[in-house]
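One structure is given below, encoded as structure tokens.
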């Protein structure tokens, strides 16, 4: 059994654990996008999985799904469908929160996505007659990160939420995956909000319904894999290969050195805990992923807007 | 008498009005920096001047004072002295607020300065034993602007202030001057906070002691002059010149056309109300001004730090 | 007669001069875009106008034409038509040169536009079979400015042109207009290349057919008006108004003070020579203008691409 | 014997090979900085090592040497000493070339460093009398990368060199290391120029004395490790550990599976060839490394400037 798998994707955490009481998974394919849902139903399952109770939806596309504009649009539309299922009816104002550090590329997904989210709350408030009636009030907020502001992100967001009383909060954050193959090909959406310790910025306090007093969705894309995870997985695959091919000698091998010793070696090879594996074109990938998230949100939060209308906003 | 002078500098507003009951001004020179103070003492004077009651200190240096590193340091030290006079004793936590739009160059002064403000609140809170005891808790916060976030800046700042309860708030904002000669040569510090309609972002609500529940300093540098102001001033200077040189013909001239007609012409020549006059090297100027403000704050908010220590932070 | 009018737009220079031997102008309207052509036919006319011999085409749209995506597309298509008329047949490789300083907002138009120009030369050279046959080889080059590189821009561009031997060079540069109303509403295209002293960066040497050995087009948008020009124009309008309304008093007025004295006063009010008048949202305007220029170029340089295909590039 | 080690550091390549005919190494410590020199003397050694003939100097500091301003200054001074040893006497003009993609963080080291290099060539040429005589003519040039410009970097640099005829060219480039521990702690300087296939941008043609007609120094800092290298090294360390601890069972183990099978597994775990391992704070690291390189160059290229004078430039 794998332990200490460092991933923000419920799908990966669930796959590592195998079948688990209190966890349901569903999968369907939708025109080239695999929609995979993990439902965590019990506190016990949440503890075992290291994921809060709730629903996690993963949209998986094939390789480099973000690099092609048509596929980005297709993914954004599929995402919008899933977001709509989780949005409360008549949510009034939506507050989109872009978590992460705008000046640290792999962590900048949230602030970057915000730049493309259609912000309408002030227009609807100050010139309601001039605003297309299909638009709903959306505000966008980038709280920054603790190391830059000296302020707990959750603290700041709670302060703003208390003031403007949104009907739903949607947090966007950069994620860590377990598998390098998912970086840049996967979106995760959940109705659980953000838990302490998750995301690249490693939040200290929760941003969830309990903390904010309204439904909180979380939206993210993995932009890195921790180097230690890569090393650990490589080791596991090797053990599996040895088991299959190696027959009797495997026993001798495992007696020879302890598993923990080997893991320590691997981690050392991969460098300190803060080393991450990331595509060389990480700047481009973050920009593309941000545009998918923003487009998905723009489609889901407003009524019957086309992609062309969204591109042409403000209108 | 001049009316409708559009300037965020109390010194300019006061100069345009001439001597005024309820307004005191002081001036002294300090090693090449002119320190000029305007004290607005009565509600009537505040109304006439269009500036809230309180103290406004202007530091004026000679031409292009920001382009030279030595002079920037000199100005920052003079600024630190003035800030210290306005800081409450034992202020606990200081919250520095960077107003303005980080993505609009002439308006980006606040967010730019924040990047260089030493942020220490989280260090002091989470690892107090590791922190130099001369450091005081400082947090830094860039609320964004209404057009980008959909949120009233004052609303957001109030939410954060309520959460973290600072002993003093210091707002940094880009200003409009009346005279092009002051752009890039002047700093203004006041104990009045920020009033509605001031600054380039044109705040809708106040950020002052009444709104935030603690002393609020305002700190700014003019980065633009409104084109309409330039035109109006050019006209005024011309009238003055005519008066001096023109003798009797002046009467004939002023009868010929009305003053308002001329002003309308001038405004039209200068373009719509949102045209601003700004140096061509505005990006550089904003960066330099931001570094002066941040250095002045870093010197004033902490105890006995040298410029070298501040440059070497984190230490 | 106006002198010393500081404008990079041939249309404005020509309008200031009135009818001039050796200069032909044509105007037509094309679905809301005014296409205005100035043809400078003789060396004498070129000297008087301060513009090199050749053809200058201005596309003028109505107010804030760049702020709306549909109108940007419309303008880009009209621009593409005009560019095609000036492109040599079978030009082989096109080199697009983005002049100006990427780190000075009003001067960053060229480098910004380059970011959106479809670059294909390397694809066609290294994997010709994989490239859509409608694409022609385009390279993009941002030489930087003298103050940042220590290198004469023309010198650097000549070095590159000699190496890669393009069939046409297209220079993009930020321009100064005379009238604030043209900032952000006008595009200028010419077959004359870039002359010394023009553009915001104030080139020292020419980038034209003689210097580079192939046809050189110039493409630009005014992003500023010099403050001194505004002041001068305001004065001129006032004089005109006086002439009309003032009758006999005008003589007395003009005797009273000399024109040059007044101009000096006006210039002083407008600040030093490097002050420019620019819209407050200059960052946004430069981004929008850059996207129009890039889209126009992408449509003109390749064969039968749709706007959607260009957006989806690389394909 | 290790093969296919992917590193731009001659020190690592040499260490992987062990003692080799035609390769000399020297090491000394200089106040906390280890100066390690690899001299490749024969074509055969160059082929075996995969490094061109010439001298490679590595400056290794301890952990996170770049994060502390004092240590950055110390490293820069040590670097300046080494650069001076390799500079030709009376080099006339120096051309500093910043290789890499300014918009891809791990590859942006060269362009970022250029921003801080003191550029003086134009000052000395156009106003020699106003320039401090300790300054020598330095130009700075960022050619961009093939994917963005459509132009071979070497082609463009050769064009510029031919025009301005510098006495020495210094190329700055982001490097790949073999060991994650060297990322952000090591500088490499060589007199060999840049070879095809090296650096993150993977140059296609050489930038060396033969290609450019003058001495060419190369200066770089590793900003990434290829994920495949990490995986391979982890495997090697494990084998070594088994050898030591495992005794007789090692034979059985290695018979069980082939080495190549295992390597293939490891590479697969680490993701595609373009995955890189990089610190999470890569943006910060690149900025800090760039400032060390620029300061080292500024100290070496001019005469007797202090760090303070360099910071205060232009003076």
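Think of it as A, B, C and D in the order they're written, each chain with its own count starting at 1.
As a convention for this text, contacts are C-beta pairs under 8 Å (C-beta built on N, C-alpha and C of every residue); 3 or more make two chains touch, one makes a residue touch a chain.
Chain by chain, the UniProt names read as follows: A, B, C, D = Germination protease.
Computed from a predicted structure; not experimentally measured.
Student: Comparing A-D against B-D, which pair counts more contacting C-beta pairs?
Tutor: It is A-D, judged by the count of C-beta pairs in contact.
Student: Find the pair in C-D, B-D or B-C that has over half of its contact pairs, by residue number, in common with A-C.
Tutor: Duplicate interface of A-C: B-D.
Student: Averaged over CA atoms, how far is the centre of chain A (Germination protease) from the centre of chain D (Germination protease)? Could you give it in whole Å?
Tutor: Taking the mean C-alpha position of each chain, the two centres sit 35 Å apart.
Student: Let me have the rounded angstrom distance from the C-alpha centre of chain A (Germination protease) over to the C-alpha centre of chain B (Germination protease), please.
Tutor: From the centre of chain A (Germination protease) to the centre of chain B (Germination protease) is 41 Å.
Student: Counting only Cα atoms for the centres, state how far chain B (Germination protease) is from chain D (Germination protease) in Å.
Tutor: 44
Student: Quick check: what residues of chain B (Germination protease) touch more than one other chain, meaning two or more?
Tutor: Chain B (Germination protease), residues with two or more chain partners: not present.
Student: Which stretch or stretches of chain C (Germination protease) touch chain D (Germination protease) in the complex?
Tutor: Within the complex, chain C (Germination protease) touches chain D (Germination protease) at residues 119-123, 137-142, 144, 146-152, 155-156, 158-164.
Student: Spell out the residues on chain A (Germination protease) that touch chain C (Germination protease) in their complex, using ranges where they run on.
Tutor: 68-70, 311-312, 315
Student: Which positions of chain C (Germination protease) touch chain B (Germination protease) when the two form their complex?
Tutor: Spelled out, the residues of chain C (Germination protease) in touch with chain B (Germination protease) are 103-107, 180-181, 183, 200, 224-225, 227, 230-231, 233-235, 237-238, 241-242, 245-247, 249-250, 252-253, 255-257, 261-262, 265-266, 268-272, 274-284.
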